[in-house]
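The next part holds the structures, each set out as structure tokens.
The two complexes that follow have chain A in common; it is paired with chain B in the first and with chain C in the second.
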Partner chain A sequence: MKQFMTIMRKEFLEYWRNFSWIWVPVVFIFLSIMDPLTTYYMPIILDSVGGLPEGAVFEIPELPAPEVLMMSLSEISMFGVLIIILLTMGTIAGERKSGIAELVLVKPVKYPIYITAKWLAKIKLFLTAFIIGMLVSWYYVNLLFDTIPFTDWLLTVIFYSFWLVFVVSLTIFYSTLLKNPGLVAAVSVGTLIGMSIINSIFSHHLTWFPNSLSSHILELHKSGSIPSELWGTAFVTIVLSIGLLFLSFFTFQKKELA
Partner chain B sequence: MELAEVGELLELLLPLFILQFILMIAALIAWVKTDQTKGPKWVWLLIIILANLVGPILFFIIGRRQD
Partner chain C sequence: MFHVQNLTKKFDRTAVVKDISFSLEKGNCVALLGANGAGKTTTLRMLSGLLKPNGGSITFEGAEPGADIRSYIGYLPQYPVFHSWMTGKEFLVYVGQLAHLTKQEATERAEYYLERVGIANVGNQKVGKYSGGMKQRLGIAQAMIHKPKMIMLDEPVSSLDPIGRREVLTLMEELKEDTTVLFSTHILTDAEEISDALLVMHHGEILEQGSLASLRDKYQSAKIELAFKTFEEEQLEALKALPGIGEVTANRDGIICLVDDTEQARQAILTKVTQENWALTDFSVSKTTLEDMFMEVVNK
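Then we have the complex of A and B:
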């Protein structure tokens, strides 16, 4: 436990030193309010940019508030996930390359503790950023569109967090497997793209596939209660994340001994 | 566009400008503190200042040498 806290403190110190605690939340805020704002101001933007022929009438349908909140999520699932992967790719691979891993591991630090501490530190950073971003997005959606009940917002954030945890676990797993951080990022992105392709083809058969989290969350907003598919999907996502974490203990140990 | 509308628009966008400012300041401090960047250091200064929003993020992600 003491080792665990020490490694985590080291990680947090690093986040302070390279300003991650400042810029990651700021970027997540930007990502999550960009879409609500531009959607709201689209008529004004079109107006001032001009270029529309005289007399052209544009009917822009009023979007329901949950859809706008989901836009924030989709923005985060694109660029937010990309940032998460880019910041996580070096977790193990980069430390091994620069020799920090050896420095830490000559001390009697157990491998699972080393990896879990890093995993949890990353998750804490990204979830904090995600929650702050979604809070600001919620504020803007309430202001510009329609009110979204707090419980709905909370459930959205909680359930979507599992997806971010999954992304961190996947990237850390590849980070223990491969030596080159760039390769880790490429393979992680590739895996996620592959998963989304599988999801879009077999979505009717694989209702519990992690990629369908956000569509189930939208369902939650429409019906007002948690659909059973959402529980299932969240369960599968958590099991996969923990499985990947355990798998990375194994691969890390094997690499370390080799 | 009405003047009142413009005022309201600015009021709503003000937090964005503040955030962008914070991001740039953080990037500038980080820029001063790092000894080694990928590529020439002064180019990164231009990128941080001139490329709004994207510049500081790029600097944080790929600008600094970690080793």
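Then we have the complex of A and C:
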């Protein structure tokens, strides 16, 4: 436990020194508010850049507030996830490649502790950024569109967090398996794309597939209660994340460390 | 105190370390000597737990059964890499805590060892700004921080300039007081200078081992080096025939005669030189060095 805290504190210190604690939340805020703002101001933007030809009538449909909040999620699921992967790819692989791992792992450090501490540190960083981003997005959606109840917002954030935890776990797993951080990122992105393809083909059979989290979250906003599919999907996502974490311990233990 | 038995390591079926066995005495400084590619680094990495051996055993006397062997050792890789955003002191406290020290203990020892290795003045600077010599010293400090029973240093002085080399060698000599030191090197004079015992490694095997004194006894012999203004093949033959002289070899600098009886050989050689009126330019009596021993062992 003491070792765990030592490693995590060191990770947090690193996030301070390289300003991750500042710029990662800033990027997430930017991603979250981009779509709500541009959607709301679209008519004004169109007007100011020359607008539509004389006489054209262009009805911009009124979007319900939950859909606008989901736009924030979809930005995060693209660029946010990419940033998470890029910042996580070197967690283990980078330390091994550079040789720092040699100095750390000749100390009596338990490998599962080493991995879990780094895993949790990353998750804390990204979830903090995600929550701040979604708070700002919620504020603007309430201001510009319609009110979203706090509980709905909170459930959205909580359930979507599982997906981000899954992304971190997946990337960390590849980071223990492969030695090249760039390759880790490529394989992680590849896996996520593969999963989304599988999801779109078999979505009727795989209602609990992690990728369908956001569509279930949208259901939640429409119906006002948590659909059972959301519970199921969240459960599957958590199990997969924990499974990947244990798989990481296993691969790391078997690996030659130097 | 520390025993290695039949240690073997294969990479893709090629054995890099072949069935080596040796023991280390407490408080000794032992040099693992060998050319590049002899398997020194692989051996040290196995001993430090970074690589898993394909066979053999490593045991510590006095270690609790099932204990993590890494608690008892400190290791300095050939090219130590640190988090460049950390200060030297932060890094020492960090690895100290990883080795189960409390924060306070780790801080105290970090300060002590920064002083001890002579980089206390830059302890609060980022490691990214350190010179090669400073990193090497920080590396030694991090290996010592948890007071291990043994420290292993992989080529600790090879990458340093002559001044840094001298300083680190002096430091290692001092560390012998606290712990057992095992270091690898391909530089024979370094090994000769500070080690008590040698392990000579070649192509993954330990060809010779023993204390410096015993190896000297076994291999060291007197030799006479000669140089002439002009060198002719027949001089070699003539020298070989003289009493008290063993092997005679010629190199660019002259002729080297290994001798059994220095007194007898010297007289014989000088007489011969006078008789033949060879133009002698250099004559010296000395003993074979570790390098000669190394060449002899390796070429056997």
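Everything below uses one rule, namely that the second predicted complex is superposed on the first by the 254 of 258 C-alpha atoms of A that agree within 3 Å, B and C clash if a C-alpha of one lies under 4 Å from a C-alpha of the other, contacts with A are read in each partner's own complex, and residues count from 1 in each chain.
Keep this in mind: a residue touches a chain if its C-beta (ideal position, glycine included) is under 8 Å from a C-beta of that chain, and two chains touch if they have at least 3 such contacts.
It should be emphasised that the depicted structure is a prediction, and the values quoted were computed from it without experimental measurement.
Visitor: Applying the touch criterion given at the start, work out whether A:S98 contacts chain B, chain C, both or neither, answering first, second, both or neither.
Guide: both
Visitor: May I ask you to decide whether A:W231 touches chain B, chain C, both, or neither, giving the answer as first, second, both or neither?
Guide: Neither partner.
Visitor: I'd like to know which partner A:G90 touches here: chain B for first, chain C for second, both or neither.
Guide: A:G90 contacts chain B only, not chain C.
Visitor: Regarding the shared-chain residue A:K2, is it in contact with chain B (first), chain C (second), both, or neither?
Guide: Once the two structures are laid over each other on A, A:K2 reaches chain C alone.
Visitor: Is A:N18 contacted by the first partner chain B, the second partner chain C, both or neither?
Guide: In the superposition, A:N18 touches chain B and chain C alike.
Visitor: Could you tell me if A:K107 is touching chain B, chain C, both of them or neither one (first, second, both, neither)?
Guide: Only chain C is touched by A:K107; chain B is not.
Visitor: Going by the contact rule set out at the top, does A:F202 touch chain B (first), chain C (second), both, or neither?
Guide: neither
Visitor: Touch test for A:K10: chain B only (first), chain C only (second), both, or neither?
Guide: Touch status of A:K10: second partner only.
Visitor: For chain A, which residues belong to both interfaces, chain B and chain C?
Guide: On chain A, the overlap between the chain B and chain C contacts is residues 18, 98.
Visitor: Of all residues in chain A, which touch chain C in the complex?
Guide: Touching chain C: residues 2-3, 6-7, 10, 13-14, 17-18, 98-100, 102-109, 256-258 of chain A.
Visitor: Using the touch definition from the top, list the residues of chain C that touch chain A in their complex.
Guide: 45, 48-52, 68, 70-71, 73-75, 77, 79-83, 85-86, 90, 94-95, 97-100, 139, 142, 146
Visitor: Which of the residues in chain B come into contact with chain A in the complex?
Guide: Spelled out, the residues of chain B in touch with chain A are 1, 5, 9, 12-13, 15-16, 19, 22-23, 26-27, 29-30, 53, 56-57, 60-62, 64, 66-67.
Visitor: What residues of chain A sit close enough to touch chain B in their complex?
Guide: 18-20, 22-23, 26-27, 29-30, 33, 37, 41, 44, 47-48, 83, 86-87, 90, 94, 97-98, 136, 140, 143-144
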